[in-house]
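Below are structures written as structure tokens.
Common to both upcoming complexes is subunit A, partnered first by subunit B, then by subunit C.
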Partner chain A sequence: MTSDTHTPVARPSRARQVWRSMRRSRAAMVSLSILLLHLLLAVFAPWLTPWDWTAQDGYNMLQGPSAQHWFGTDNMGRDIFSRTLMGGREALKVTLLGTLLAMGWGSLTGISLGLLGGRLDEWLMRAVDALLAIPWLLFLLLIISTVGQQSWVLILTLGFFYGIAVIRVARGATLDFVARDFVMAARVRGESNWTIVRQELLPNVLDTLLVEGGMRWAWMLLAFSSLSFLGFGVVPPTPDWGLMIADTRGIISIAPWATLFPALALSSLIISINLSADAFGKAMGLDRAKAPV
Partner chain B sequence: MKPLLSAVVVSAALLGSVTATESALAAGTFRLAHDVGYAGAESLDPISPSRFFYANQFLYSRLVRQDMEGQPSPELALNWRASADATQWTFELRKGVKFHDGSDLTAEDVKYSLERIKDPKIDSPVAAVLGVIDSVTVLNSHKLRINLTSAHADLPLLLMDYRVRIIPQDSGDTIATTGVGSGPFMLDELDPEGTTVLKAFDQYWEGKPASDTVEVIGIADAQARVQALLAGQLDFEDSVLGQQMALFADKSRFQTNSIATGEWRALVFRTDTAPYNDVRVRKALRMLVDREQMMTLVSGKGGGTVACDTPVWSGDQYRTQIECPQDIPAAKALLKEAGYGDGLEVDIYAADNEPEWIRMIEVYQQQAARAGVKVNLKIAASDGYWSDVWMKEPVVATRWSQRPADQVLNEAFRSGASWNETFFSNAGFDGLLDQARQELDYDKRKALYGKLQQALWQQGGALVPYHLNQNRVLGANVSGVDPVENFSIRWNKVAVVD
Partner chain C sequence: MLKLILNRLVLAVLTLVAVCTLVFAVTEALPGDVCTAFLGRNAQGVRLENCRSQRELDKPAIERFATWSYGVVSEGDLGRSLKRNKSINIMVGSRMRNTLLLATTAALIGIPLAILLGVLAALRRDRRTDVGISTGAIFAMTLPEFVTATLLIYIFAIQLHWFPAVTTVRHNAPLLDFLPNIVLPVITLTLVMSAHILRMVRSAMIDVMASDFVQMAQLKGVPHWRIVFRHALPNAMLPAINIIALTIAWLLGGVVIIEQVFNYPGIGTLMISAIYDRDLPLVQAIALVLAAIYVGVNLLADLASLVLNPRLRTARG
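Right after this comes the complex of A and B.
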């Protein structure tokens, strides 16, 4: 019997470690599955809906769930199942792009400020504080009511506003690393600030940023649905969960199904994103309670 | 002697019980909401373009008001008669009427109130209706003669207008904020965006009102008003959808009624703006509508009476019968002829002020799509809708309350009228309006009003799909609101028992 105690054992990659850790969490697996299901349904909804989601039927208004209409019909006789399937597409499109935008500009600004420090950092962070003090809903409503409700306006507005909070997180995470040896060494080597941000700092704060991105996405979904609920998001007849809830809230005691199903869809998506981000953070070894906010 | 004594005692007891009942009724605050449609700029000047609709109905009196059947009946005027050629009308005024500032109503006040309607500085929408008044001659302190520029057989109908309120002489500069009238309630606090408080006017000519206080609360969103009603924060709401009426089935908390009215919600196209300045385009945009289906989907089955773009309602003596079935091929042909064979895109602006508007546009989107017309809904803010969007954007949603035929046709469609929201300008139409007013023979007059309605169907820019049944909900503890349209309600009799 021989044994080769000197054979090097390949260490699993960081991504694989994280995945293994997440697989051990039932909550993580359930939430990821729900999230994946939502994404798949959003992509394939147009081919899955049994009815035309805009077709109105004056003879079948406010019908309860049945074999023909699984989730019932709304106040204009439209099939709620089809509308619920379609209702997440616009929200997911706008908030995914909005989150990418927020994370992109917020992270780069935050990391750069953390690296540069000095007066610029001080002034800009006070400006960030001032912007964060503005009630977010008022801020969004002001811009959208002035510029319009087109998708690109919503993406830019949400992306800009949510990016402000990301600046603080990214800057806070960066400050842990700017005084480290490898950053000092890069400075001594004469690397440009942009190279230091890209090659030294970004890889180190990426874990924090990914978790932050997940959380921002969930909050942005909630914000987007709130805007639709208030009539400033998606415009009828495009199905949207927030809009569906707003349309039927006045008759919730007569036809609860018309509000219930879009509300369930919206809340399950937000919870699944939250739980997934939470599980991801734990798998990365991040303590979100101590994370800068 | 004994029977006499008993009679006195019983009478005193009965009188006491009646007084006690009245006292119980007198307690209470009547609360209703308005949509803050002028973003807080609501004016207590009854003829202002931004008049505070509900508050003004409580503050002021008219010469003539609707009876329970909607016909002219005396309010401040006791009686009236026309000259043989209907160019002069003599009115005798009620005596002992006081304004909220303690002054007495005289014929001078009426003269002032009626003559200021034509003041160009005010730019009152009523001017289009009562522009026919040339002057007012005071005959004595309580008698006056209205001199018209031309004959008008239905002048009392016009004087029933909810804005033709009588205010004290020379009060025009301050009336927008003081609200001094001779109505059953007087102003306590003006806050259109919050709560406007009105107090009972003890010297009201019909006696002390049954409620102590009226609160007119600003709630811009129609759904929020329904929720406020459900939560017991309002005692009265009249823009409730048919489907929502089931929410108020609890008889221990609410009373409901549904009344056929001349109210209408419409989509209006500016006839002075391309492409709606082409009569073929606007006819096509109205022909493609299935009105019965729209009414069912928006207001529920039997939610009103179909109209073919006439603002004259089915209960009006001058309403004419027009057929307007949905005709997609004809609409397509007209659009093609007008150069829109490949389709047309229409942006319609609306807000949440009325629960029907957005749903109406959603239905219109579906119906219009069949004729190749793409309808985009543009949602605007509710507060300020009337000042910032209406009559500014090319296509908007609108609402009108019930008006007599002559009034609504003049106010909404006469060239240059300040609420001519379609900017309809047609000399032939205006001429017909004048002819109809001057015609003293009823049948001929009716035929002329019929022609005017036909003209609107052929050339107009307003899509009036139906007249609404008004769904009204009241708290169970509210009394005195008769099941009649709003302008016939006697607000002084409305009581809320706490």
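Right after this comes the complex of A and C.
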């Protein structure tokens, strides 16, 4: 590392390099396409559904997949295909915003702590370790069960809790750079701490943070659908995969399609995010397997 | 060395105190209590006051917290459940036993399996075996626990009739009664847990196999299996151990979901009903127990890395 690498910022060649490396992996391309398809379907779902996703039909209950109802109907005669199409919207909205929030506050705190160091850093990291010892599900359930199940509550609580783990990762990545010459040079030039964070450190830890963000997103989606499954997430009649699986798993022996299609949708989304983040990390030369959950 | 261990112990206790205080503070700050959960959200007047004074909820929060903490520290008494008016020690005790049965069985099967598969994948890096194992691991790891569990129930309980779909055993039944019921929950938990560990072992093992001392041993003509298991594996386990501990602790959340799916009478199902009921002492006790497990597992991991890595023993406390 030479001391004059002041512009590792947005070198266009770097992005192209990563992209080219990803293009070579078939797994990466497949998972990226599935992810993109999921996002597109979620955005345009209201115009694509063949049936009203809340309409009940007493004469067509528990029908198997057919030309009319591609994925069959559930125990209230609702069209599973329409509900599966709609079922990812709330989950994607909440987890995308939640991940942005978590990455935002987590990485800013982590980078600042890594740069400042000293006693503040030591004490706050102890606090972070203690916070990580909290059974997270217990806290989420407590807060959601009393404050309510509105989207913003879920976004804020998930964003807050997932940000704590991000602090550690961001701080760890920052520590690799704070002792380097270019940070020293910026200090000697008399740059403010905020400028150093923004101009020197953030561009360098961005790789790690992006991969971390993808991973957090997948985990948050898992947590969100688990909450929904337990009845603490999306409020019915809004369709949601986790909730649909919880509602229909009692009738799985007579109408397996009602459970299997939402399960397939949810699984393919989470796996595609994970594989994309994995491939992205590999293309940038980061080893994701060693990161703690 | 002794100082190092003492240091860790003090930190562990401080963490537990912090978790308890935080859980108490949050449950206090949130609206509603066991009486509003029991009598309905809009309950008011004499009934509500009676309910509260019976359960000593009319006393100041600090006083209640102090009484509860004193009970825990002096007699190990976790208090009484407000909803069911039973001793929490008894309620938590049998369910904790069931959860530990589930978790330790899964760990005993999952951890050796994960290490073995991880080593195998590392040695066959980027070949068909590795791709197969790694892809399988990603699937097992990323599928939500309730999806995996539901699929297993569909295949093994409903289609094949091999195992029961849900647990119908009472929480205080003898352990042997759990035998056919526990199979599917254990498989679910094992799948998720070993996938995480496998990935870490694989990546640590790849690093170690590329190091100088392994090459040296190869040049000296040390048998391959001896290099792998005597020289490389212990060194690969070093970075993996702390992360394994973190993973196990983090999976406690997953255990809650698995118990819920299989209706398994463990600490997770108890936790969810305690939260529904706003049964504060019970929530507190469960938080304390779960945090204690987390801290305990991390402590064990620290000790294990002290054993594996002599260099740490002389490091500064």
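Quick note on the criterion: the second predicted complex is superposed on the first by the 276 of 293 C-alpha atoms of A that agree within 3 Å, B and C clash if a C-alpha of one lies under 4 Å from a C-alpha of the other, contacts with A are read in each partner's own complex, and residues count from 1 in each chain.
Rule of thumb we're sticking to: a contact is a pair of C-beta atoms (placed from the backbone, for glycine too) under 8 Å apart; a residue touches a chain by one contact, two chains touch by 3 or more.
As the structure is a computational prediction, the values presented were derived from the model and not from experiment.
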Q: Determine, for the superposed arrangement built on subunit A, whether subunit B and subunit C clash or fit.
A: clash
**Q.** First (subunit B), second (subunit C), both or neither touched by A:R249
**A.** both
Q. Does subunit B (first) or subunit C (second) touch A:Q199, or do both, or does neither?
A. neither
Q: Scan A:L266 for contacts with subunit B and subunit C and give back first, second, both or neither.
A: second
Q: Would you sort A:S33 into first (subunit B), second (subunit C), both or neither based on which partner it touches?
A: neither
Q: May I ask you to decide whether A:M61 touches subunit B, subunit C, both, or neither, giving the answer as first, second, both or neither?
A: first
Q) Looking at subunit A, which partner touches more of its residues: subunit C or subunit B? A) C
Q) In the superposed arrangement, does A:Q149 touch subunit B (first), subunit C (second), both or neither? A) first
Q: Give one of first, second, both or neither to describe whether A:N75 is in contact with subunit B, with subunit C, with both, or with none.
A: first
(Q) Per the contact definition in the header, classify A:N274: touching subunit B only (first), subunit C only (second), both, or neither. (A) second
Q.
Taking the superposition on A as described, I'd like to know which of subunit B and subunit C A:D129 touches: first, second, both or neither.
A. second
Q: Tell me which region of subunit B runs into subunit C after superposition, given the options 379-387, 469-477 or 487-495.
A: 379-387
**Q.** Intersection of the subunit A residues that touch subunit B with those that touch subunit C
**A.** 145, 246, 249, 253
Q: Quick one: which bits of subunit C touch subunit A in the complex? Just the residue numbers, please.
A: 11, 14-16, 18-19, 22-23, 26-27, 30-32, 138-139, 141-147, 150-151, 153-154, 158, 196, 199-200, 202-204, 239, 242-243, 246-247, 249-250, 252-253, 256-257, 260-261, 271-272, 275-276, 278, 283, 286-287, 290-291, 294-295, 298
Q) In their shared complex, at which residues does subunit A touch subunit B? A) 54-56, 58, 61-62, 75-77, 145, 149, 231-232, 235-237, 246, 249-251, 253-254
Q | Complex contacts: residues of subunit A adjacent to subunit C | A | 126-127, 129-130, 133-139, 141-143, 145-147, 218, 222-223, 225-226, 229-230, 242, 245-246, 249, 252-253, 256, 259-260, 263, 266-267, 270-271, 274-275, 278, 287, 289-290, 292-293
**Q.** subunit A partner contacts - residues on subunit B that touch it in the complex
**A.** 223, 226-227, 241, 243-244, 246-247, 293, 296-297, 300-301, 351-352, 355, 358-359, 361-363, 365-366, 376-379, 381
